[in-house]
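Dumping the structure here so I can ask a few things about it.
Per-chain numbering from 1; labels A, B, C, D and E assigned in written order.
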Amino acid sequence: MDRRRINGPAGATQPPVFDDVVSQGAKTVSGRSRMPDASRKMYLKTGVTPSASGSAYLEMETSAKPGASGLKLSCSVHGPRALPRSAPFSPHIVLSTHIKYAPFATKQRRGYLRDPSERDLGIHLEAALRGAIIADRWPKSGVDIIISIVEGDQDRETSKSQGEEAWDMMNALAGCITVAAAALADAGIDCVDTVAGGVAALVQDGGADSTPTIVVDPIPSDHAKILAACCIAYLPTRDEVTNLWFRGDLPASDMDLYTHLVEKGILASRNANCVLTNCLMETIE
Amino acid sequence: MTTPTIDLPGPIFAKLAPHPYQLRALSRGARTNGRATQEPRALSINASPLSHAHGSALVRLGDTTVLCGVRGELLPVEQIPQFRPLGGEEEYLEGEYGGAGGIGRGELRDYDLLVPNIELATGSAPQFLPGVPPTALAQTLSTRVYSLLHAAGLVKAGDLRVWYRPGEGKKQEDGGMEGVEQEVAEEDRVVAYWVLYIDLLFLSYDGNPFDAAWAAVVAALRDTKLPVTRWDPDREMVVCSRAEERKLNIKGLPVACSAAVFMEKEQSEAVTVAGDGRNWILLDPDRLEETLCKEMITIVVDCSDGETRIKSLEKQGGTVLGRELIRGFVGVAEERWAEVQMAMK
Amino acid sequence: MTTSTGPLVLPGEALDPSLIPSHPKHPLRLGPGLRHIPPSDIVPTVAGQLTTNSHKNSLWVEANSNRYIPQQNDPILATLLRTAPDSYLLTLSPHTAPASLPHLAFEGATKKTRPILSPGQLVYARVALANKHMDPELECVNPATGKADGLGPITGPGCAFDISLGFARRLLMARSREEGGVGVLEMLAGEEPGITGGGLSFETAVGRNGRVWVGSESAATVIVVGRALQETDRNGLGMEGQRRFVKKLLREMK
Amino acid sequence: MTATAAPEAALGVLPRADGSAKYSHAGYTVTASVNGPIEAQRRDELASEAHVDVIVRPAAGVGGTRERHLEVILQSSLSQIILVKNFPRSLIQIVLQVEDSPENDYVNTKIVQASLNFAVMPALMQTAVLALLSAGVPMKATATATAVAIARVDGAKKITVDPSPRDIETAQSVHVLAFTSHDELLLAESEGDFTIGEWDEVYETAKGICCRPAAAAKEGMAMVLDDDDAGGTDMRQFLRSTMESKVAADLHWK
Amino acid sequence: MPREAEPSLNEKQFVAQALQENLRLDGREFDQYRPLELSFGDQYGVADVTLGRTRVLAKATAEVTVPYADRPLDGVFTIATELSPMASPSFEVNRPTETEVLLSRLLEKTVRRSGALDTESLCLVAGQKCWSVRVDVHVLAHDGNLIDASCAAVVAALRHFRKPDTSMDAGVLTVYTPAEREPVPLSWLHSPFCVTWSFFGEEGDIAVLDATWLEEQVRVGSCTVSLNKHGEICQIAKLGGTPVDAVALLQCTNVALARVKEFSDMLDAKLAEDAKRRDKGGFMAELRAENDR
């Protein structure tokens, strides 16, 4: 019981149980409507939080499947500002990243306290950005990067039944990286390059024995099975990867599969990067 | 404090000496944000931006942006320790809206069926960074929304009840407290309640949080559709239909209207003593103005059915706003109501 | 008797002009509990009894309280907190910012001869400087004469007792018995006829900050004096009550 | 116990606080302590004035958001009447402990999420003011507060002063108003459903209780005890007489 | 954080020295308590205990709740001790000090673990519904010996408390409001009290009861004995401090028993007296309830 919030009834409340899902547990595959290399449409806008030094809002086009909506992210950047006296000396800027799902972001209501998965995302994001920021330009100072996941990519029910939340988290992370990059640029914090995030996955749509294919920007509910996926933070002009998160297992048969997957991941982040640069251009004009 | 003679560039002056800055602006007839004292910022509402919530709304009040999501979850009566079935349905009928025209009564409050919470710590402003427990401001806002929800009787208790009707239609003519004692299994009975989690997320903060938050709550509730439910006796649980949804019956349209009093004297020192200087009533104050004002007022009015009903009045932190000014302010609130009503459409 | 007592006043109340003394020569002097709001308003800030002294042409609000607010020239009984490079830091009352006592503010003190005090030491000092924007400053020497006038670190057996500020003021009155209505000390010292077993030998140092020091070779005496003072203060004993209580104490001592 | 009983107050009930008061009225009993001016903590130190810290503690259960709200309201109102400018960088701490609140015999109360009804506000405000006076904290003015409820009793409008929880349940609107001793509206909190006309009536009623001109009050102490709903208790006179007895006790020796 | 004001060296030395001469600053005997006063509030379950200048208020309340999964047949019983700045500005809300932790632990052991309250009697529907009884301890003024005063207040409050009446029929639980049925007392098994000794002198050979705040700041050690009037010891706590001779401790417990007997008798008397005072009130309530039906 949190004495700083309004706590609602003492007894446990349950999310609604629907007549249809009760009967059938199996998940429906809507099937992918995009080309393997095509990312979903992305909407990006900076300066949504004027009082912050920089901010950005990102929205992913909603996928066809009802109930599963698009990703909606709001990011604000505060700083650079002097570190508190108590903090130890730091020759470069100290990034603190904070990612939080809104209570209504997912099918299951989220609590107000950060859970481990949200912390993980924060750590990945931190790693992805550290490679992009010119950190030594602000010694003894810190910057806060705060992202609210207003709407999660997937409805968690399906991802739960799949038992693989990670795929959602990867999509979320890719978005977070891109929106954070936009917000940083909006804050005028010098970066070596515009970093953007992208996801590629190895999916198996046609039953167990079909040959798996690689797609970018996957939506788990579109695919029967996701074997593996990787989320990549990538600096296009320098051709550098600042963060790579791989998960799943690749069939031993094809040695190059991993490399292909990463390449596709980079492709995905390139796609995102186009949107990012366009958005930043507009703001300049 | 007097206005410096050297003319600094606005932003710097504002930072160095916000009060004289504001004072100078006002004596020139406009606020630092360019608005007239009685001029609110435009309010835009966009309904159901969220897909996972049962109802939602995004409200923009100038640079204050708040997102409200309403989500229903089911609370079986056996999960309510202090639950007390009343008699037949007749009993439930009295006191539909939060009860007997009175406030602080009925199931809504007793069983905590409405759970509003406000989150400011989203980096919505430099002073609201995450990782800290809700500030006094956040807690105060949540409480105000909570009280107003009940006081204004916005939500109908009936909408949140889940009935089990074994013999559809047929009713016992039996009510009263004693009705409780011989509870027959075959009677129609309430088996569960919907609990509405009303979560408010500030994406951008530039003052006057309450007006924005309250507008978002009302809009989100008006947007809320709960799935139609039935009690499954065999599985002993409430089952919802995917196909059918029911809108909530939201009573009236209460609109919040806030203002702050800016005193000529920076220090509230000379309050109550002659010559405490000029003062301005700033409608819909922004972040800077809030920090410069101590006295605040919020009036919540509802003009839906012709005459103006006041749902809440909160004035504190000063002695400028007396009876007459408050009476006058009701008029301002009425105008605001009309504007917000348009925005709600 | 030049001081006359007026009615009860509450903060912010308008004063009846007839109560404000108007002395031909002396300027009007406002004492504690009043503030002057230009041009001509005099307003009470605390609840108490409006009191005037037509002779000094002064006006103040008589009240009692517990929280000491430093005033220049007040004698106070302070506890040493710690030592700073060139001054000692002392507490006048709990939870307040410490007051500073320069190392050289003692009788005949030089870099070499200054007294070395250890934390916890009680010091009887005078408030040399007090204003709301600075922490108060103390001295243990009369700057005019360079004499200690009884100020300085408190040594020898004895104990300090907490009393109300009003009571401290009464004890400090020139004729504390007649004006302040405190007789216990004389009674215990045996200067009061009809009280047997008096004649205790002890010394006292009263601090305006609501602390009184009682020193004596005999611990029993210290305790009796201390209790007599606190009882008189807390239970508001009149002369007769004091007499009775003192007798009781002396009986117990036997 | 009964809601119509006249208010009662005792000052200085907490021996170790600078000021304290116990106040019971309309079924509420609140004890308040005031400490200050004391040293403020870094985080809430104000350069030019004292920080007024208000803490409200429910009788049972842990305080929640509701208590924070009450604290914020009281804090902003009390810093208006306290002379905060006199004590820069310091802290004036007011702790309000609810001891009893009228129980509603028709409901079994929930405790875990203690949420004080805002009809407790007048009691809190009054106790705080009394405690401040007893602590001798300099103030610009005093304040008085009251609660009023409007109910529809079979069609007719009924205005109830100091409503009981039962009244509040069935009321259409509940109002809390506080006035300074200069008859200015210091605080106004209303919730429910009412018109500005009704609020005017409420205002009149409340003002009659909080700001009865001293002249009327002078017509004898009887006023204090009179508590018919029409007039209601004369809060200002009550405050006065309470302080009179306190000061009389303090200055018994004069 | 304003720290608690330390007494001056002179005071400390004097207190210690005086004790050597069998003298206490307030003239009490070593084994003498300050006058203990107990009063009950208008409502059931409110007890106000003053011990000299120390004052503690305890309020007992009850509500229906869900029992802990691991103890389906037990009710919930909690004692909440949260020291507020009212006791002293050095206490902060949500920042437990050592004093606070110590106090709550001792009350826990003395009252809760000793089974003073029959928690099984609080069970309403096994595993589903039970009473949650809660005592909030509010320290209003702190002039030493919080433990003994608080314990007395808690016990008094619980003995005085009445919880709403309930009935079960056809598996339906009804909790009656006070208007419908007079509330009923808790099923109480025994009344433990705390007696705290403070030790002074190099060997801690001087033992003193009911120390004041000043004495507590000078003492070299302390020991709290909790027992009921039958001489059954619930707990003994001597947490650190100068070692004390075991035999001396035994002596202490004997004296403690005598004190506890006095407390018990005093409490019983007060309760009886209060019951008489309420008798009429109770009757009125009955009437009110009648009219309601």
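Quick note on the criterion: contacts are C-beta pairs under 8 Å (C-beta built on N, C-alpha and C of every residue); 3 or more make two chains touch, one makes a residue touch a chain.
Here is each chain with its UniProt name: A = 3' exoribonuclease family, domain 1-domain-containing protein; B = Ribosomal RNA-processing protein 43; C = Ribosomal RNA-processing protein 40; D = Exosome complex component RRP46; E = Exosome complex component RRP45.
Every value quoted in this text rests on a predicted model; they were computed, and no experiment measured them.
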Tell me which chains count as touching both subunit B and subunit C.
D, E
Farthest CA centroid from subunit A: chain C
Going by the average position of its CA atoms, which chain sits the greatest distance from subunit B?
C
Chain pair showing more contacts of the two, B-E and C-E:
C-E
Relative to the centroid of every protein C-alpha atom displayed, which chain's own C-alpha centroid is closest?
D
Subunit A to subunit D, mean C-alpha position gap in Å, rounds to 52
What's the distance between the Cα centroids of subunit A and subunit B, rounded to whole Å?
32
For the pair subunit B and subunit D, the C-alpha centroid-to-centroid distance in angstrom is 26
Multi-chain contact sites of subunit C, meaning residues that touch two or more partners
12, 43, 94-95
Where subunit E touches two or more other chains at once, the residues are 2, 63-66, 89, 175
Find every residue in subunit D that makes contact with two or more other chains and list them.
15, 17, 35, 38-39, 62, 65, 68, 81, 107-108, 110, 112-113, 140-141, 180, 182
In the complex of these two chains, what residues of subunit E are touching subunit D?
1-2, 41-43, 46, 48, 53, 55, 57, 59, 61-65, 80, 82, 84-86, 88-89, 93, 132, 134, 136, 138, 140-143, 164, 175, 177-179, 285, 288
Per the touch rule above, subunit A residues touching subunit B in the complex are 4-20, 22, 48-52, 55, 57, 62, 67-69, 72, 74, 76-78, 98, 100, 102-107, 109, 112, 144, 146, 148, 150-152, 155
Using the touch definition from the top, list the residues of subunit A that touch subunit D in their complex.
1, 3-7, 10
Quick one: which bits of subunit D touch subunit A in the complex? Just the residue numbers, please.
62-65, 68, 112-113
Residue ranges of subunit B in contact with subunit E within the complex
78-79, 81-82, 84-85, 177-178, 180-183
